[in-house]
Structures are given as C-alpha cells and as structure tokens.
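Got a structure for you, written out below as structure tokens; questions coming shortly.
Read from first to last, the chains carry the letters A, B and C; within each, the first residue is number 1.
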Amino acid sequence: MSLAAEAFVSQIAAAEPWPENATLYQPLKDDQILLSDCASSLAVQTYLRMCGLPVQVACKANAEYMSPSGKVPFVHVGNHVVSELGPIVQFTKAKGHSLSDGLDDVQRAEMKAYMELVHNMLLTAELYVQWCDDSTATEISRPRYSSPYSWPLNHILAYQKQWDVRRKMKAIGWGGKTLEQVYEDVSQCCQALSQRLGTQPYFFNKHPTELDALVFGHLFTILTTQLTSSELAERIRRCSNLLAFCKHIEHTYFKDKST
Amino acid sequence: MSAPDELFCWEGDWGLPSVDTDCLTILAYAKFAGAPLKVHKISNPWRSPSGSLPALRTSKGEVLSRPSDIIIHLRKQKYNADYDLSAREGADTLAFTSLLEEKLLPALMYTFWMECKNYVEVTRRWYAEHMPFPLSLFLPGRMQAGQLERLSLARGHNALEAGEELEKELYHDAVECMNLLSQRLGANKFFFGDSPSSLDAFVFGHLAPLLKAKLPNGKLQQQLKSLDNLTHFCSNILLLYFPTDGRENLSHKASSQAEGGDFDHVPNKRRKQILSALVAVGAMLAYALFTGILSIQHVHQRAIESSPGLPADEEEEEEED
Amino acid sequence: MGAVHARSLDPLPMRGPELGVHADDVDAPDVEQDPKQEVLENKNVVVQKVHIDGLGKTKEDCLTYEIAEVFRAKDLIDVMKRSHEARQRLLRLGIFRKVEVVIDTSQGVDALPNGLDVTFEVTELRRMTGSYNTMVGNNEGSMVLGLKLPNTFGRAEKLTFQFSYGTKETSYGLSFFKPQAGNFERNVSVNLYKVTGQFPWSSLRETDRGISTEISFPVWKTNHTLKWEGVWRELGCLARTASFAVREESGHSLKSSLSHAMVIDTRNSSILPRKGGLLKVHQELAGYTGGDARFLKEDFEIQLNRSLFWDSVLSASLWGGLLLPIGDQPTSIADRFYLGGPTSVRGFSMYSMGPQSKGDYLGGEAYCAGGLHLYTPLPFRPGKGGFGDLFRTHFFLNAGNLCNLNYGEGPQAHLKKLAECIRWSYGAGILLRLGNIARLELNYCIPMGVQSGDKICDGVQFGAGIRFL
C-alpha cells in the first residue's frame, strides 16, 4: 500500500530525487549563532544524517533574514526553500524519506507530543535564558547576535531582537517567570524525556525518529555550549540516560566529524 | 480549616460550566481532584482580583492566574488528580499538554477571535452581551487585540493576515493534533485509564468550547465532530462532572435552537434597541452638556463683567437656580 | 508722475498653473517701451531708498543682499529691470507668496529731484502650511501628511516634514534647509527619513532609514553637491517565490557614503529642452566612514540639444556608470545599476535587462546607454501657442548594455564586454509635458538586440518620469 499511496502524495516532489548540492543555512558558527538557533540547526542536521541525506552546511550572517519564515535553520533543496524541522520532515517525507513510518498510531501521537514538548519547554527556555536573563543577554546574546553588523546597527538590531523575544515571552505567559522557575521547567521537561526514554537506545526502541534528532540537537547543544551559568546543562546532567543517549547519537552519526 | 480558595472564572453558556478554555480546564481539574473551591462565575473581568479571568485567590490571599500555576497550587494542597499516574504517564501528560498548546490553541484562537464571522456573531456577541454596559463596548475588542498579538508573536516574523493561507496552516496543525489525541485516547474512557487526570482537564478545556459553541463557520468544529471518541469524551465529562450545566443545556435547548436558526431573535433585538437608544441619549446629553458648558461659561463671563455693578442681584440669581 | 508698476515687466505670472507655457520657454523678455517711458529713459535717476513692506518674521539682513543691485541703477529702465530681477530673487527664496514693486519719486526732506524710492510690497507665506493627501494604489492605500515651516528662523530656512501612513508601510521624511544669506545657491540641508520601496522586477522590498547632510555650492558655471549619507537598509523578499539569489541578499546592512555630484546645465528647460546641454557627474564612495557596504560608484549623464528647422529639436544623450566593490565583499543588489524601461532603453520592460536569476533582475555593475531623439511639434500643429505646445512627437533610437565585470581582465576587456551584446530599440511616440517636472510618453517601440532573459515590451509602451534617456 505504502508505495502506491506515497507515489500519489508526493508526485511532484518525489519526481526530483534528493540532490547532492542540498544546503543547510545557519548563522555564522563561530561568532554569531546563539544557543537556540544552534540547537535547532543541529537537530535538522541530525535528522538529515539519520535519513542518510547529504547536506552541506553554509554559514551566513543574514541566514535569519534569508529564511522564508524568519527562523533558522532552513534548507535549500533544488528549487525549494524549507525552514524549521517540522516542515523539513514533511518535505523529506514527500520525497520518500521518513523515519517514523514504522510507528503505530499511538506511537506517532506520542512522538509528535514529545516533539512539541521540546519546542514548548526546551526551546522557549533557551530563548528565555538567552534574552530575558540580563547577564546572559549582555555578555553573550547581544554581542554575538549583532557581531556581523557595524555600529550603530549592531545595537539597534540586538535590542530589537531582545524586545521581540521579551514580547513573545509575555504573550505566552512566560513574562512573569523567574530564571529559577525556568530552570525548574527545564528539569521537568528533562525528567519527562528521561522517563519516556527509559533504557532504550532511542525513544521508540531500536530505530531513530525525528524526535531523537530534535532531543539530541537541543540537549547536545546545551551540554556543549558555554553560558554565563552552567545551570541549564546541570539540569540535563541529572538525567544520566539522556547523557548516554546524546553520547550514543554523537558516536553513531557524528563520528567522522569528531575524529 | 481556613477559608477555601476562591476561583473567579467566566460564566458558562452553550451547556458548558464556562466558555473560556483556561477556566474550563481549572474547573474540570478541580472537579477531578475533588478540590473544594468557592467558584465565582462572573462576566466582568475587572471584578477578578487579577483583572483577568481565570484567577484563583488562595486562602493566603495570593492571586494566581496561569492555569498551570493554579493546578500546581491545588496539587500542593493535596488535591492531585494525577496521584495514580506512573512517571511515564506524568511525562506523557506534559508532552500532550505541550502538543495542545502548540498545535491546537493557535487554531482555536483563530476560530474564535480572528475568523470574522465567528468573532462577530459568536465571540464578540457573547462577551458583549454578558459584560456590564460600558465594558462591553471596548473590552471584547481589547481581548481580540490581545489574542491577535499572542498569535502573531507565537508565529514569529510573518505578517499576520486573516487569509486563507494562515487558516489552512493553523487548521492543518489543529486537525493533526485532534487526530493524534483521538488515536492516543483510543477506546479508553479517559487518557490514562478509568480515572481522569490533569491531561483530561486540559483536553476537555480545549475541545469542549469548540464542540459546544454554535459557530457559523464551523470547519474546525466539523473535524472535531467527526472524531467520535473525542466528542464522547467531552460529553461524558460534562455528564459526569457538570451535570447541572448539562441539564441547563437540555432545558434551554428549544430556545437556543431558535436562537441559532434566527439571527434576529427577540432578546438581542431588544438589547440592540436599548443600546441604540442609550447611544442616542448619550450623544444628545453630551451635546447638551457641551453646548451647556459653553453657555454657562458665557453667562459666567457676563456675570463677572457685570458683577461689580450688581453684586446683590447675582447672588439672588444663584440662589434661585 | 505716477507710480510705475514693475509688474508690467513680467512676461507671465510666476506662480501660475504648472500646466502652462513656462517662463523657461520664453526668451529674454522684450521690454516694450511706451512713449511716456521713452521720455524718462535717458534721464539719470538715483535710487535713494528701497523699502520692503510687509515683513513679519523675516529678518531684513538677509534680504538686503537680494535687493542691493537696485541701488546701482542709473536710469529708469535700469531701475525697472533691476527691480524685476530683485523681485525674482525674492520670490526664489520661497518665503513670499507675492512680491509687488512700486517705484515712486522720493519724498521727504533729503529727497533729490531725480531720486526714486523703490518699495517691495511682500506678502509672507504662512508660518506653517500643512497638506493632506490620500493615495490609493493596487491593494494599498496611504495617507500623506505634510507640514512645512517656510522661513523657520526668518532667514529663508525651511523645515519640511512628511509622514505617510499606509496600510502596508509607513514612511516619513524630515528635512531642514538653510541657504547662505545673499547666496541662495549655496546651501546646507539635513535630511532624516524612512522610505520603503517595492521592486517587483527584482522581487525585492527595501526599507531605508537614513540621515544625510549635503552642501550645495556653485563654482563658475557648475553646481556642486557634497553629501554624506548614512543609511540602514533592510532588504527582504517581496514574495515567497523570490529567487534564491534575491533571498541571499536579504537582511540588514549599513551604508555610510560620501558622494559628490557636479552638474552643468545650460538647457533652457529640463523636460523638453530646445537648446543647451547637460553634464552630470556623480561619484560615491562608501565604506571609509563606517558601515558594511564598501564600494566606489561612478556615474555620468550627458545631454546635448540642438534646434533644427520647423521647431524640431535634435537631442542626444549618453549615460554610463561603474560600480567597483572595495575589498572582497560583493556588491549589494541595492547598489547596482538597472537599465531598461520606458524612460531609459525603450522597448524593454522596467529595469528588466541584464543579469537575472529565475526572472528576478539583479542589476549590473557597469552600464552604458545612449539615445538619439528627434522632437517635432504635433503634425499639423493643432492648438499652437496654447495647449498644443505641451505635446511633442518624437522619433528615437536607444541603445544600452548592462553587465557585471570581471575585474581580473583589465579595462580593455571591460569595454569590450560592454560593447558586445548591446540592446537597442527604435520607434516613435507622443510626449506630454507635465509642468516643468515630468513628462509622459506613449511610444511604439521595436526592441532589437534582445538577449535571452530580457523582458521586452514590444509595441506600445507607456511611461512617465522625470529623467530621460
């Protein structure tokens, strides 16, 4: 069944195979990229590696503005430009590459729910720490974010971004939270992930899914990124199976890179 | 024992204990956990201690307004509906709550607050009719602006226009979310077996208004109604935990159906007539006052001019007035 | 002897309707001399006093420069001529609504028998003038509010503010202008602005917020402008379907540039000149005063006009420009040159030639374009001397090229590259002059030398603009 159905769904996209020159765009790796963008980018890269789809990583200072949704990372494949993990997963699926085909309905529902959990809590917490914690914003986020720009544009853009994020936090009800509450949320989120993972190698047993890519992207980035306070990483380190999970994925999919 | 916590929430309608998602969630959770709350169902958010609804005033005088904070507070008071859940199920609760918030809530906000027909005929009408007079003129608009801002911020940079594109995207996500919930629920009575938990409260809070409101543009509603186990889940909770509201619904059914079918139904017409009469009277009064103030100043000025000559007369006149 | 009103010398009302035969078209006014004036003509007179009546906030010191010449008059005709010139100079300041000149014999104790008093009766513009406009375009409406404070500090300064609030974009501009007293052409202005432009031929949206300072001054017959400009430019895609090449240019950049422009303009009108020439040279150096954009831009424009038989005019123009990036950063799409359209190389769509990516034109770093026009009055000259003079027919031959240069190849190769694949077109059409600022064209064009990727506009093409090839 799957062959006929898939061919119908993805007639057009499947007509073009995944090209060799597919490119992933993200902000400048050394000077500019921030924790949250780096995590999202790593998640997409991990996902594409899990699918066995080659992609080149291009660092552009204006990646955020190049993206059709204003969010990084995005991939440029053939004539298509797709941003963020969710749409990219759908896009690869249309081309016949999927990691979640083996799951049953309930598992797929759970996978989606946990992906939203990561978006809703981990990503939001990363944004909060980056832009709403004054010391992090002053020492890391603003200077890094604005590093490609010259004076006075660097200040304008950095404060504009900070203002935008803070407004967003206020709108989703995070405005009144303290840093400690946010760390507590991260702990809660990690415990939930840790519970769900248990002792399995991947969230859904033996095979990786997009959820594994997403969780690895965020956790690994938080663990390896130096912030003003290591509290965020500490909260993750309390869940030992998540640490093992990160090591395992790094070893399986990024071995060539680290050696 | 100290006085019970007081919960302020929106009034109910459409056969629901409250029309608002957050209020419904908390009411349902309180019922599930058996928390003895003193519930004030009001329709004037300015009478709430936090200025918005829902709000919980704890026995210590603290005021909480985020549903998750309120639930945590109730949990600390040993009213825990999730007591029997395993750690794994607790994790699932967190995950599915996130799913609701990220995928379903934006579409709900769109359906109720941005879709013009629904907003004008149901949402704004309901809030305007239930709020006291001067508030009903501007508060619904302000609530809409707040929802709009929240939706546009949550979706990032893209300019937010109530267009087909946006609707399609939001509804696609929402339908996917409802399907996932339906699959997760399966044939169970509640999400985790036979007793309700906080996740059930959240799902109920999000789905029940969509299920019960009489929306002129019911695309999303149709999708929900096609998922039998979810509709049954909602009506089951209503039946078991809010029997009075359910019965109210039955007794009002005849009249409410008439309401739904005929937009020029009488009570509203009268309200409109009263409102327009009020506006007209208000405008006249304002005009009279305006011109009156002018003439009073005029008289007053003349009075000052003439006062050195005839001080006594002036006083007399004032007394007469 | 009664007062002689210098007003009679005016060939036309100066502030008449814009749509009319303009003063520029009328050659030096022929002073028709009455028999009465002939008597006075040779009599020596002395201008004893010059009054300016009706001054409110204007400071007199700056006006004395403008009227000083009147004192040098030797006879009555001279007085009238110089008064007329002084009147023009006063009007040019843009601070008076009306200036009338009254010449009378001197009165009072120290009056000489041949003494004259000249009185300028001026009416000042209001302290503040406002304007309100609404504009409706496709899918967009906007409201434009304008506020002008002429003569802000009493010395012909001008403060203007314009605010446009649209359904999609808001833009504003604030500018302050100050001329040197007695030398109106020497002036300083400071501008602060935000403008948004949409360029569908490139699928590009550009928002500029900037500040600029410029100094203008005449040297011999030329006018120079020195300018510093700092602009924060925000580029974005106009649609999701924009090509990736345009997408890559999106984002913020800061341009700080010094530029110099020199203009020699001896034409008798800027829109439909009959004689004279124009030379405009503009150069811009960006990057040395800060900002991200670094380039040197050179640009010139030459136009020569010559009257032929039967009121027809032959006009030749040549444009060219070069953009050199400094350093290894490529040039931005916002800085490059564009060519094509009803006011440059006719027969091609607006800015639709040269380097492109999937239908989005990216502009070029070098261009040259030339045009040859023969302007004639309408056939059979309907409405001659009136409305018909606003129209002209013309025959044209345009040519141009736009490309990117490879700087490794040397100047010879550049010229060769510009010379090959030249686009050209010819045709005929009707022109309508709109005041002295713009003109409309309706042409029948035949494009030639089209390269693949260019968008042509074969046949009838309509255009409006203020600058023409």
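Keep this in mind: contacts are C-beta pairs under 8 Å (C-beta built on N, C-alpha and C of every residue); 3 or more make two chains touch, one makes a residue touch a chain.
Everything numeric in this text was worked out from a predicted model, so none of it was measured.
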{"item": "Number of hops, subunit A to subunit C, where each hop joins two touching chains", "value": "1"}
{"item": "Most remote chain, CA-based centroid, reference being subunit B", "value": "C"}
{"item": "Inter-chain centre distance, subunit A versus subunit C - centres from mean C-alpha coordinates, in Å", "value": "53"}
{"item": "Intercentroid distance (Cα basis), subunit B paired with subunit A, Å", "value": "34"}
{"item": "Length of the line joining the C-alpha centres of subunit B and subunit C, rounded to whole Å", "value": "59"}
{"item": "Per-residue overlap in subunit A, given as positions that touch at least 2 other chains", "value": "none"}
{"item": "Sequence positions of subunit C contacting 2 or more other chains", "value": "none"}
{"item": "Complex contacts: residues of subunit A adjacent to subunit C", "value": "60-62, 64-66, 68, 76, 81, 148-151, 153, 156-157"}
{"item": "Contact set on subunit B toward subunit A in their complex", "value": "66, 87-88, 90-92, 94-96, 98-99, 101-103, 149-150, 153-154, 156-158, 176-177, 180-181, 183-184, 186"}
{"item": "Residues of subunit C touching subunit A in the complex", "value": "232, 235-237, 240, 244, 247-248, 250-254, 290-292"}
{"item": "Subunit B-facing residues of subunit A, complex", "value": "69-71, 105-106, 108-110, 112-114, 116-117, 119-121, 164, 167-168, 171-173, 188-189, 191-193, 195-196, 198"}
